[in-house]
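First chain written, first letter: the chains are A, B, C and D, and each begins at residue 1.
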Amino acid sequence: MSALPSRAVCDCPVDAITEVADGTHLLRFRSPVISNQSLPGQFVNIKVSGGQHPLLRRPFSVCRVNAREGWFEVLWKVVGQGTAIMAQARPGDTFSVIGPLGRGYTVPESTRTALLVGGGLGVAPLPFLAENLAAAGTSVEVYVGARSKGDLSMLEAFGSLGLEPVIATEDGSVGACGFVTAPLTTRLKELQGAPDAHLFSCGPTGFLKAMTALSKQYEIPGQIAIETVMACGFGICVGCAVPAKRQVGTGRRYKLACIDGPVFDSDEVELDG
Amino acid sequence: MSALPSRAVCDCPVDAITEVADGTHLLRFRSPVISNQSLPGQFVNIKVSGGQHPLLRRPFSVCRVNAREGWFEVLWKVVGQGTAIMAQARPGDTFSVIGPLGRGYTVPESTRTALLVGGGLGVAPLPFLAENLAAAGTSVEVYVGARSKGDLSMLEAFGSLGLEPVIATEDGSVGACGFVTAPLTTRLKELQGAPDAHLFSCGPTGFLKAMTALSKQYEIPGQIAIETVMACGFGICVGCAVPAKRQVGTGRRYKLACIDGPVFDSDEVELDG
Amino acid sequence: MADLTTTIGPLQLKNPVLVASGTFGYGQEVVGLMDLNRLGAVVTKSVSLEPRPGNPPPRICELPGGMLNSIGLANVGVEAFVEQKLPFLAALDTKLIVNIAGRTPDDYVAVIHHLEDQPNIDGYELNFSCPNVKKGGLEFSQDPTTTAGVVNVIRKQTQRPLIAKLTPNVTRIREIAQAAADGGVDAVSLINTLVGFAVDVETRRPRIHAGAAGYSGPAIKPVALAKVLEVAEHVDIPIIGIGGICNVTDALEFLITGACAIQVGTANFIDPGSAPRIVDELEQYMNAHKLAALPELIGSLKKWS
Amino acid sequence: MADLTTTIGPLQLKNPVLVASGTFGYGQEVVGLMDLNRLGAVVTKSVSLEPRPGNPPPRICELPGGMLNSIGLANVGVEAFVEQKLPFLAALDTKLIVNIAGRTPDDYVAVIHHLEDQPNIDGYELNFSCPNVKKGGLEFSQDPTTTAGVVNVIRKQTQRPLIAKLTPNVTRIREIAQAAADGGVDAVSLINTLVGFAVDVETRRPRIHAGAAGYSGPAIKPVALAKVLEVAEHVDIPIIGIGGICNVTDALEFLITGACAIQVGTANFIDPGSAPRIVDELEQYMNAHKLAALPELIGSLKKWS
C-alpha cells in the first residue's frame, strides 16, 4: 500500500551512472529517506534540469534499493529532452527528487509463485520487487521481453538473486525469438487457475493489454504498472486520469495514476492505445 | 565602413577557451569567413545554446582576429544566463555565429595619434583595433580602466604589439588608483586641439559619457562603441534604437545600434542612464 | 523586519502568497512536501454542486515554459467537500478561500448555501472561467453584463469576502473587472488560464482530448501582468495576481504592478515548496530594499520619463 | 515529390512559408543571410502614410521563450518605401505582400493609393492591431463593427488580394474574422502579438519604455493555434497562421489546424534561415507521410473519438 505520508522532496546526489544497454542508463542516487521508504512499484519524480526546461518533473520507477546503504536506482532509456539531460549526469551532481510516490505492487498473502514480466524498459521496477519477494521466500520467475539483445538490462540484478530470467527478443538475438508472451503462455497453461500464483507486469500499453488478457484467460490474477503523462505525481493536478473499468454508479469514473496507481489490478483500468 | 554584404551565418568550432581574468573568458572560434571580413569595432551575434533558452543570440565585439590562420576571438564576462552557458564551451563544440556585423571604428585619414580607451570589458574590441593601427604605422596609446587587478585582461595582446597600456584600477591594486580618466586627461591636456589625434573608446554608458565630455572639452574627436539590447543584430527588428543627437528635420530621430553602429561619433547619439 | 501582512478588501492575510485553485488539490495531498501554514491562504480546487468525474485523458500536456490542461473541473462536489476535505483545511493555521464553479448563476448560489454555515471559511473565489450554459458556452467573465448579473445574484447570499476570478480571454478586462466591482465583489483574481491548443503532428490529433485547453505556467506571465496593469490603472478594486509565478522575482513583478497578493499555480506541480520559498525571499527583498511594509511595494511601478 | 503550392483566396504561392511583417525589415537587410527567393512570399514591415521615428528605447526585451516589443511602427513612410525599398523587393522571385498600418480608415486608403499603380505588388496585408484614434486607442480588429467598417472602405479601393491581420487580444476572434470576411477581405492573418508586460524589479520600471507591449515568439504559439482553430471551425475564409513558428513541427501544427500558409516572425531574428529550412523540411515530411499536395495536410486535424 501507499507510503504517502513518508514521501519527501529531497536533493539527491548522484553516486554513479552507467550505460547498461544501448541508450539505457542506470543511475544510483544517494537518499536515506527515499531508499528507506520505497516499496516495489513506487516511483520518484525527478527535476532533470536546474532551469525551467523542461518545466515538469520526469517520473521513473524505483528500480533497485539498498536502504542500509542509503541509495536507490532508476533505469531509463533516452526518449526525449528530459531523459537526454539525465543521461549527462555525473557523480556528484545533485537532482531534486520527490519520492517515493504512488501505490506499488501489493503481494497477496496467498502468493507462493510470483511471475514477474517486463516488456522493454518495463523491467525497471522488477529487480526491487524480485528482491523483496525472494527475501520473503516466495518463488519468483522472471520473464523479460525486448526488441534485441542490446536493449536488455538488469539481468545481473536478477542473477545475483539466483534468478534466471526467461528471455525473448523480437529479432531472436538472444533467448526465444518473438514476444515474451510465448514462453509465458506455456507457463501459464501449467499454472491455470492456481490460487497461489500471481502475475506482476510492467511495460508499454500494448504489452499490458496482452498481460491483462492472459491473466483473465488463465485465471491468474495480475497487477500492471502503467505510465501516463503526469504534471505533479502526487495528486494535485488531476491530470493523470485513467478510465476505471469497474464503474461506481453511473457515468465515467477515473483513477489517478499517480496516487491510485501506477500499479493497478489488471482489471481495474481501461488501457487505450 | 560597414561590411554588410559579406556577413554570414556560420557554424564555428571552438578552437580554445581560456579564463583570462576573474569570470572573464576568451574564446577562439575557427571561421575563415568571419575572420577574413571583420573590421575593428564590429561584432558577432552568437547562438549560445542549441535549444530556445535563451531565445535570442548574444552580441560580442570581435576582440582579436587572425585572417591568415582563419580564427577570431571574443572576450566576455559572465553576467547572466547566456554568458554563463558560453563559459562552459569546450574545444570542438560548435556555435552558430552571425558576423561580422555593424559599423566598426573608422580611422580618419589624418590620424597620427590614436588613443584607445577601454572601461572594464570595453577593452574587448581594442586589441584588434590596436593591431590594425599599429600595422598602418599610427602611433597608438592604450588606456585601460578596471575595478581591480583581477578584472584586467588582454594586456599581453597589447604587449605583443609593443604597446604598454596605461592602467588605472578603482581599488589601486595595479596602476593608478581611481578612474582611467585621470591619466587620460593629463594626456589630453597635452594634445588639446591636435588635428591628428583621435579617441577610440568602448565601455559602460557612464564611461562613454565621460569620454564624450573629454572629447568635447579637449577638442579631440572621438568614437564610442555602445551596447544596447538587440533582438537580431542585422537591422530587421528595429529594436536597438538610440536617440540621435543631431536631428534631421523636426521630431525625434533614432539610429540603430546594430547597423548604424555600434560605433558612433561621440556627438552622434544620446547616452542615457 | 519587513511586515508581510496584506489586505484584500475585508480579508487580512499574514502574507500575500497564496496557492491557486486546481493546482494544490484539497491541501492534504501536499502534506509532507511543504508547510501549509506558511501560506497567506489556501485556495481550494473548484468545488461544484454535484461531483464531476472530469474529462477523458489526455487531460494535460507539457509545452516549453508551460502546459495545457483540460481537467474538466473534476471534483468531489460540495457535499463530499464539506464532509471529507473541509475538516483538514479548516484546521490549518492559514486562511481558507473556497473556489466555486458553476454552469448557471444558481449553481454558485447553491454551493454557497452548502458552505455558509461552515465555520473557518474566510472567503469565496468565484471561478468565472466556467462555460455559462445559458450563454452558449461563453465564459461567465467574457461579458460585462453576464459578469454583473451573476455577481449581483451571488452577492445577496453571503457576507463573506467574494473574489471574482476572471478569464484573460477578453478584449478589455477592465470592463469585466469594473462590472464585477460594481456588482459588489471585494477583489478580483487575475488571471485564469489562456485558451491554448497543441497538435501532435504524427497522429494529427489534438494533444488534449477536449481540444482547446487552458494554458498556464511561466509562458503566460507577461499576459497576466498586462491584465493586472490594465485593471490596476482603470478600476478601483484589490487585485490578486496569478499566472506563471515560480519565484520571488515573478511575485514582485505582480506586486509592483499593483496586485496586493499573488497565487502560485503550475509551479506547485514542479516544486511544492515554491510558495513558502517566495514568502522567505520576499521578506529578504523587502529588508534589502528597506521596505517596512507591503503597501510600499504594491503598485509602486515607476514610469519612464 | 510533394507539391508545396498553396492558395490563399486569389493568391497562388509556390509554398506556404512566408515571413511576418516587422520581423524581416524590407528584405534587403537579410541579403547574404538567407535566400529570399525560397520564400512563398515576403510580407513587408508595416508601411504608414507618413514616416514614423518609432518609440523611445528600450523597445524590446527578452523573456523565456519569447520577447516583448514596442517599436512604435517605425518605418520610412509610403513614399520613401516606393522609392527606396520597393525596387529591391519587386525584383525578387517570390510574391510580395505589403503590410499597411493606419490610425484612421483614411490612412489605409491613402497608403493604398500610393501603391496601386506600382506593379509587382501581389497583395496587401492590413495591420489591424493599430490603435484606432477615433475609437480611443482600441485596436481596429478589437471590435467587429469597426473591423467591418474599415474593411468596407478599403475594399472599394483595390482589386488586389486583401488580407486582414487580426489581433488576438479579443474575446471571440471568430466574430472579428467573420466581420472581415463579410467586408470582403480574401484572407485573415492570425495572429499579431499578444499584449504583454514585464517589470524590472530592481528599478521598478517597465522593461519596455512604452509600458505594455507586444509578446511574440514560441511562448505564444499555443494561443495562436487556438485562434486559428476557432476561426477555422467557424468562419469560411482562408487563414494564414502566425505565432511562435520556429521549425517545421510548428508550421505543421498550424497547417493541420487549418491554416493554408504560415508566417515566420521572431524566429527570423535568431535564425534568418528558418523559413527556407521549414520549406525543405515540410517537403520531407510530406514525402515521408505520402502526402502529394498541401490540401491533404491543411485542416486535416483528427478528432479524438
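Simple rule for what comes next: a residue touches a chain if its C-beta (ideal position, glycine included) is under 8 Å from a C-beta of that chain, and two chains touch if they have at least 3 such contacts.
This structure is a prediction, so every number in the text was calculated from the model and none was measured.
Novice: Which chains are in contact with both chain A and chain B?
Specialist: none
Novice: Could you run down the chains that neighbour chain C and chain D together?
Specialist: The common neighbours do not exist; no chain touches both.
Novice: Could you find the chain whose CA centre sits the greatest distance from that of chain D?
Specialist: If we average the C-alpha coordinates per chain, A ends up farthest from chain D.
Novice: Just how far, in Å, is the C-alpha centre of chain D from the one of chain B?
Specialist: Computed from C-alpha means, the inter-chain centre distance equals 36 Å.
Novice: Can you work out the whole-Å distance between the CA centroids of chain B and chain C?
Specialist: About 48 Å separates the centre of chain B from that of chain C.
Novice: Using the touch rule from the top of the page, what residues of chain A touch 2 or more other chains?
Specialist: Only 52-53 qualify.
Novice: Where in chain D do residues touch at least two different other chains?
Specialist: 56, 63-66, 218
Novice: Looking only at which chains touch which, which shape fits best: line, ring, star, complete or other?
Specialist: Chain contacts: single closed ring, each chain with exactly two partners.
Novice: Any two chains that touch count here, so list every such pair.
Specialist: In this structure, the chains touch in these pairs: A-B, A-C, B-D, C-D.
Novice: Considering the complex alone, what residue numbers of chain B touch chain A?
Specialist: 51-53
Novice: Touching chain A in the complex: which residues of chain C?
Specialist: So the residues of chain C in touch with chain A come to 22-25, 29-34, 45, 53-67, 69, 71, 74, 217-218, 246, 266, 268-273.
Novice: Which of the residues in chain B come into contact with chain D in the complex?
Specialist: Chain B residues touching chain D: 4-9, 47, 52-57, 96, 98, 228-229, 231-232, 234-243, 251-254, 259.
Novice: Give every residue of chain C touching chain D within the complex, in rising order.
Specialist: Touch residues, chain C against chain D: 56, 63-66, 68, 138, 142-143, 169-172, 194-199, 201, 203-206, 209, 211-212, 215, 218-223, 225-226, 228-230, 249, 252-253, 256-257, 285, 300-304.
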